[in-house]
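Per-chain residue numbering starts at 1, and chain names A, B and C are given in the order in which the chains are listed.
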């Protein structure tokens, strides 16, 4: 853009600029510290307001939370800011107002790396694997911050997703859509997170694979890890959810248990197709 | 302070700098800076068209400038007696053969199915074609280069007025740009930068080595001028009288007069090009260019042919560089292929565009003047700086000698520093795009 | 016998110089490709980075020579190389801190970094010329030849001699060691994998707890080592002259692109492709053909396809051909 002195003027020259793999996140900078903030749910993004760059706010006073042993699901129409809310909770987006608390600490000022160290795991919606690296290397990268022996965790993940064991030396980019999602979830589980955040884990996979993925997610939840999840397939997701949020234009429209939301007349009409 | 006042004062500052050069150093030096500043401004205008308005990354400016220089020789030098008869026919024939070989290879590529037979056939065709080309060319070249090698030894030019070389230089550069653009922008991904870098090196290599064409490193000297010669003016009693009336001696007056005539010519070209650049950018064509630059996807969705626009603007910008190159060779009255260095003729022009303000024609022109002034004046300034730094050291101390000797290299350092400082603290340049 | 002589002539004038030059280009291209993969721009200052590292090594070599340290038959420059690498690391880290980091924080597009690298190129070029001057510098000592042409002739009784200069042997050995180390680092170590991950997918690397600034710092350190090594080997083999390093930029870029930008394996392959094309096409084949063909068919001319001044043109034409037929380069380029 002409207004952006650091823009590329539409230049697409691959001989001088690498178009692939670049980051789009505007993460919270390192160096911040967590402060004690006891009480409240296990993970909560409270009254979050923010947007990208100098652009307008996408989130308006938005609150989402998940507690131990729960699956919380965020649904809503396209462009409602669901993914943005997830990024904000993970520190991939600097908030203008509001705070994020985890396990009795205020972590709003922590960088994403520090949040990983605090026990958060995140699977983004797109580009969620290292395509040029093998399945095993993807899992190793998941365990990047661990200094202990993680071979046990890797075995657990291979038990959870047996197909990955067979393909461990194959480049992750060569796998099918459903298998890639398994790699992505597996990578996030490698840190043994205390909470797992999934952004549309079933995007772009066939219905059969989708059912299987949901089963796996329930399996993960049964191991005691709280799960915060964004889902397009609202009905199916709310069926397995303990808690549900409906976002509209970056703000909370409805919230309640999964069953309540499924039963709610307005929610059904507007978001679940009757 | 509104922007017009600010911009006018920026130009005024450059003007004052040049005037100061005149008062403090010499008027010859000042007008030389002005003349080369005008040429630099034109080059910057061409590059700004490509980068500023279309985001095209041309790092082969040197090649286009050199083609303009070649055009000056080919248009204005007198033809070498007997050269064409001796070998010219063979050379032309060889060029036709070469072109035919490449055409045949392209046709073959299209006609045959993919696979190794095609590869083998193409390689065979190209190798055979190359040897035939060399067999036809080499004797012709030898014959031409044998004609009085100390004075000519090349085909010479057409003996036409040198001013005609300026548009021809533009056409040469446009032709090369068309070839490069067709190839590099036509690939599946855009490889324009490396293509221009490579072509520029090839153009210079050809000019250095093909003596029959450009006399190579023997240089072509005494290119005809569009303005009178100093020696004639000094012999012209009317001129001497007028000079005396201004209180100038004839030698001084004639050199200044000639340089000012050049300045007038260059200024006219700059103003015409600047006017055209401004007009075209305000036109639907220019608006579309900017629309493409700012949002290619949307522009493509609206049915705009992005590649075609890019090719057009790349050719136009390169042609402007070619014109400037022809003007520069005319000013020098000689073609020195070995003088074309990428730092001076490619990267320095980039500094001009970025410092002046990418996307603003006036910015590019200002950048051209300002950076050229610095390029010339940094050397004496560096020497002064070194004198001051080393003032405390005893004469003959190795560090003092070394620093004084190395002052000349301050120039490149300063150019880099200026570029980085502007990019850091004023990334949109001195006169930003509106 | 003539056939053997022809083979030896080819080995002497094409194979050996091609391997040495190819190794130098490969090391240079590796640096370019790493920066392209991780920092995502083509670094125009790379040639001058090589010149700077080599310059520090030259100065250190002179110092070692002046205090009487030598490696016997090996060039003293090998001993000075670590000093050169340290100097170059210092320069690149300082440059990153003072120049590039600002643009990373601003999320500037890679093209802007390319322009920034032009400024850095000017500055480094100026620094090198300021310190050591623009002229040729000699810093080679030790044994000149591993095998001299005469020894070879005496040993084999052939007419043709095969000379292997010690610098050529050192170039190849050093390049193999450096490349092996690099690949071990990238594929087997945690830090190396984090670099590959960052190159592949920056955001996801961030999510995995990789510290981007650390990856960038590591990259500059490795690039400094590669560039200095390449620069010193080239300087030992030919001679040290600041301007030639700037000119190496085109063949180095060509190598990196021919191999597939961002792919280290490709950079090595590209380096050798470009080097052998240059040497083969600019070599005068008269002698070899003279051995192979019967006297009646022996060529009159030099049978040199192109004059050596066109060697840059050769790199470029090879580049163009590869891109026309394989747009992503010989090896699929993109990530480290």
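The working rule: a contact is a pair of C-beta atoms (placed from the backbone, for glycine too) under 8 Å apart; a residue touches a chain by one contact, two chains touch by 3 or more.
These figures come from a predicted structure and were not determined experimentally.
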- Task: Going by C-alpha centroids, which chain is farthest from chain C? Tell me that one.
- Result: A
- Item | Centrality ranking, top chain (CA atoms only) | C
- Roughly how many whole angstrom separate the Cα centroids of chain A and chain B? 53
- Express in whole angstrom the distance between the two chain centres, defined as the mean CA positions of chain A and chain C. 43
- Inter-chain centre distance, chain B versus chain C - centres from mean C-alpha coordinates, in Å: 30
- Note on the structure: Flagged in chain B as touching 2+ other chains are 55, 57, 189, 191, 193-195, 427
- At least two other chains touched by the same residue of chain A: list those residues. 6, 8-9, 11, 13-16
- Message: For chain C, give me the residues that contact two or more of the other chains.
- Response: 42, 111-112, 114, 253, 257
- Query: For chain A, which residues count as touching chain B in their complex?
  - Reply: 1-2, 5-6, 8-16
- Query: Taking the complex as given, what residues does chain B use to touch chain A?
  - Reply: 51-52, 54-57, 189-195, 290, 292-296, 358-359, 427-428, 433
- The residues of chain A that touch chain C in their complex are 6-9, 11, 13-18, 20-27, 30, 53, 90, 92, 112-113, 116-117, 122, 124, 127-133, 137, 140-142, 144-145, 187-188, 191
- Message: Can you tell me which positions in chain B touch chain C when the two form their complex?
- Response: 55, 57, 130, 138, 183, 187-189, 191, 193-195, 197-199, 201-202, 205, 208-209, 342-343, 347, 350-351, 354, 405-406, 409-417, 419-420, 423-424, 427
- Item | Touching residues on chain C, where the partner in the complex is chain B | 42, 44, 99, 102, 111-112, 114-116, 118-127, 129-131, 133-134, 246, 250, 253-254, 257, 301, 305, 307, 309-310, 312-313, 315-316, 319-320, 323-324, 327
